[in-house]
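Take a look at the structures below.
Both complexes below contain chain A, partnered by chain B and then by chain C.
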Partner chain A sequence: MNTTALKDLLYRLADDQLILGHRNSEWNGLGPILEEDIAFSSMAQDKLGHSLQLYTLLHNLGEAEPDTVAFTRNAPQFHCTQLVELPIGDYAFSLIRHFLYDHAELLRFQLLATSSYEPLAQVARKLKGELKYHVLHANTWVKQLGTSTEEAIEMLQTALNETLPYALGLFEKTEHEEAIIADGIFPGEDELKAQWLESISKVLAQTNLELPDLSTVAPVYGGRHGEHTEHLQPLLDEMAEVFRLDPTADW
Partner chain B sequence: MNQSQHSLSAPDKATILTWLEVVTDPEIPTVSLVDLGVIRDVRVADDGYVTVRMTPTFSGCPAMDYMRRDVERVLREHGVERFAVEMSLEEAWSSNWVTERGRAALKAHRLSPPPVHQGIVDLDILEYAECPNCGSRNTTLRSPFGPTLCRALHYCNDCRQGFEQFKPV
Partner chain C sequence: MLTSLDPRITRLHLPDAPPSIEPKEAFDQFETYEAFHQKKEGTAYTYVGPVHAPTADVAFLFAKEQYSRRFPCTGMWVAPTRAISLTRYVGDTESVYDFVTEQLPAQTGAEPDESVQQAEAYARGEEDYAIFHLKKRGKAHVHVGMVRAASPDEALLQAKAVFGEQRPVVNVWVVRWADVLTSDDEDRDIWSTTPEKKYRDAIAYKVQDRIDRFKQEQQ
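Moving on, here comes the complex of A and B:
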C-alpha cells in the first residue's frame, strides 16, 4: 500500500472535519433558535471527535501526536477544502454549507467503510452512523425553509449559488488520486461526486430551490494543495491560542 | 506462586463483568456500561492478565475518558494489578446492544430507549420514539441533537411534554 498517498487522503479528511468543526462551534450561543444553537454545537463536537480519530490513524502511521498536528501547523500545511474555512456568514450560508458538505461526507465515509486499509474502514463504519444525523438535520431545514417564504427561498438560493463553487472544491484531486484508487483505499473523487450530485438533487427537488447547471460552475480548487483563503490563518491562530501558550502542558 | 494457586486467585470473566456493573455512564447514572454495550469484552489470559475492551457510543463523546478511568479504578479496587483497558473501534457501537435491563434503566432516567432496528437506521427509525412519561407513540422528533451527543429531542403530542431519547445508531 502506498503510505504517502494514504496519509495525503487522511490529512484531507481530518483537516476538513477539524476546521468545519471549529466553524460550527462559532454558532454556540448565536443560533437563530435554541435547537439550532445545540445542533451546530453538537455537530462541532462530533466533527472534532472525527478529526481526532483520523489524526490518530495518522499518528499510528508515524505522524506527530494529534494535538501537535492540529494546533501547530500553519495554513499552507493544511489540506482542507476552502469551503470549510469560510466564516460562518449568515444562517442561510451556514445551513447550505452544512447541507452540501455533510451529504458528501456521509457518502465518502460510506465508501470508505469498505476501504482496503482496515483501520480507516473501521473509523468510517463508526463515523457514517453519526453523520446520518447531520444529513437528517440539514435535509429537515433545507426542505422546511426551501418551501417557506419568498425571502427564505431567496436567501437560500443566493447561498446555494455562492457556495457551490467551493463545494465542488471538495472533490479536488491530488497527485495521489490514482494510487488511492489502485490500492483500493477509496474509489475516487469522481465516483463520490456523482453520488453526491444525485443525493443533493433528490432533496433540492422537494424544495423551491434550483440547483444551477454544474457544468457552468467553476470549482474553487487549491485547498487540497495548501492554498487557502485569508480566513484560515486567523482561524488557526484563534483555535491554537491556548495550546501554543504552553505546548508541553499536561491537559 | 505456583500455577495452581494462580488460577485459584485469578478472577474469571463473569466475576469481572459483575464488578463492572457498578460503572455507569457519568451523564446517565442509572445505566451501567455493561448494559449500554460499551464494555464489549473481558479476557483473562492464562497468566491472569486482564484485558477489557470498550467502544465509544459516539466518537466525540467527552465522557469516554472518565468511563475508562472508572473501569480502571474498579479493577484496582478488586486487587487486579495487571490489566489493560482498550478503546476499540473494531465493531462500531450499535444501539441494538443496549440490554433489556439497560432499556429499563434509561426509562428510569426518563430517557426514551433507542428503538431496535434491523441494522439499517433510516428516517422512520430516527423519528420514532416512545414517550418515557406516558408511553404514547404519538410523538414528534424536534431535533436530532440534544444536551449530549447521544440524545435527540422529541415532543409528546399526548402528554404535551418534551422528552429526550437515547439515539438509535
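Moving on, here comes the complex of A and C:
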C-alpha cells in the first residue's frame, strides 16, 4: 500500500473535521435558540472527536502526536478545503455549509467503510451513526426553512449560491488520487462527487431552493495543497492559543 | 463597539449597550414537545424532558441531542405538549384510577375475537392511545401500554380497566398515538455514537481534589 498517498488522504479527512469542528463550535452560546445551540455544538464536538480518531491513525503511521499535529502546524501545512475555514457568517451560511459538507462527509465515510486500509474502514464504520444524525439534522432544517418564509428561502438561496464553489472544492484531487483508487483505499473524488450531487439534489428538490447549474460554478481549489484563505491562520492561532502557551496544559 | 475577552463576541461587532428587547409576537414562540427515551432495547419508554421546536421533526432532532448524549439510548418518542391529557395528582400511596369513577359501557352479547374487535374499533373511529404512569412524585412517567378509544377521556377509562390494578399511580398521561413521532428502526444506528467520549461525561472532570483543597483553605 502506498503510505504517502494514504497519509495524504488521512490528513485531508482529519483537517476538514478539525477545522469545521472548531468553526462550528464558535456558535456555542450564540445559537439561534437554546436547543439548536446545544445540537450544533454537540455536532461540532463530534467532528473534533472524528479528527482525533483520524490523527490517531496518522500517529500509528509514524506522524507526530494528535495534539502536536493539530496545534503546531501553520496554515500552509493544512490540507483542509477552504470551505471549512470560512468564518461562521450568519446562520443561513453555517447551515448551508453544514448541509453541503455533511452530505459529502457521510457518503465519504460510507465509501471508506469498505476501504482496503482496515484501520480506516473501522473508524469509518464507527462514525456512521453520528454522521447519519448530522445529515438528518441538516436535512430537517433545510427542508423546514427552505419551504417557509420568503426571507428564509432567500437567505438560504444566497448562502447556497455563495457556498457552492467552496463546497465543490471538497472534491479537489491531489497527485495521489490514482494511487488511492488503485490501492482500493478510496474509490475517488469523482465517484464521491456524483453521489453527493444526487444526495443533495434529492433534499433540495423538496424545498423552494434551486441548485445552481454546476457546470457554471467554478470550484474553489487549493486547500488540499496548502493554499488557504486569510481566515485559516487566525483560526489556528486562536485554537492553539493555550497549547502554544503551555503544551503540557491540562484542563 | 463591544469588546469581550471572548474573541467570538468581539467579532460579532455588537453595540456597547444591548438593544431594547421587544416582546415577541405569538408567531415567534415555538411550542413545546415532550420527549420520552428508551435506555435499553426492550425496556419501557420513559419521560425525559421538554424541548421547544417549530415542528415534531425538529423536536426530535433537539430531543436526540439533549437527552441521548449523556446516557445510553436506543430510541426516542416526541409528542406536542398540548397533545398530552393528564389526570389530577394523588398521594404517593394512592392510585389516581380510584378517582376515575365513570364506567365504560357494558359489553353486550358474545365477545368477538380480538382481530374482529380491533377492526370494529377502528371502524368506529377509535384510535390507539399510549398510557404513561407516574409511580412517585419526582420520578418520570413510564409507558405502560396502549389502549384503543375514541377520545382521551375514554382512553383513560380503558386504561383503568387494563392497568387499574397497578399501584401506586400518582398521575396518568394519555397521548393519542398518532401524535407521537417515534424514532425509525432504520435509523437505529444514530444511537450508537462513538465510544471514545469519556470527556463528555461529568466523571471525566476530576474536581473533587479541587473541592477538597478549597474546603481546606476555607477552614
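Keep in mind that, in the parts below, the second predicted complex is superposed on the first by the 247 of 251 C-alpha atoms of A that agree within 3 Å, B and C clash if a C-alpha of one lies under 4 Å from a C-alpha of the other, contacts with A are read in each partner's own complex, and residues count from 1 in each chain.
Following the convention adopted for this analysis, a residue touches a chain if its C-beta (ideal position, glycine included) is under 8 Å from a C-beta of that chain, and two chains touch if they have at least 3 such contacts.
Since the model is a prediction, treat every value here as computed from it, not as a measurement.
Superposition of the two complexes onto chain A shows a clash between chain B and chain C. Of the two partner chains placed by the overlay, only chain C lies in contact with A:Gln144; chain B stays clear of it.
Once chain A of one complex is fitted onto chain A of the other, the partner contacts of A:Gln122 are limited to chain B, with no touch recorded for chain C. Look at A:Arg73: by the touch rule set out above, it reaches neither chain B nor chain C. Of the two partner chains placed by the overlay, only chain C lies in contact with A:Glu26; chain B stays clear of it. In the superposition on chain A, A:Lys193 contacts neither chain B nor chain C. Contacts of A:His59 after superposition on the shared chain: neither chain B nor chain C is touched.
Touch criterion not met for A:Lys7: it reaches neither chain B nor chain C. Once the two complexes are laid over each other on the shared chain, residue contacts for A:Glu238 go to chain C alone; chain B is not touched. In the superposed pair of complexes, A:Lys47 makes contact with chain B only, with no contact to chain C. Within the three-chain overlay, chain B meets chain C in a clash at only one of the listed stretches 2-10, 38-46, 56-64 or 74-82, and that stretch is 56-64.
Chain A residues 35, 38-39, 42-43, 45-46, 49-50, 52-53, 126-127, 129-130, 132-133, 136-137 lie at the interface with chain B in one structure and with chain C in the other. Touching chain A in their complex are the following residues of chain C: 7-9, 11-12, 30, 51-55, 57-58, 61-62, 64-66, 69, 187, 189-197, 200.
The part of chain B that touches chain A in the complex is made up of residues 56, 58-62, 89-90, 92-93, 121, 123, 126, 142-147, 149, 152-153, 167, 169. Those residues of chain A that touch chain B in the shared complex are 35, 38-39, 41-43, 45-50, 52-53, 122-123, 125-127, 129-130, 132-133, 136-137. On chain A, the positions that touch chain C within their shared complex are 26, 30, 33-36, 38-39, 42-43, 45-46, 49-50, 52-53, 87, 126-130, 132-133, 136-137, 140-141, 144, 238.
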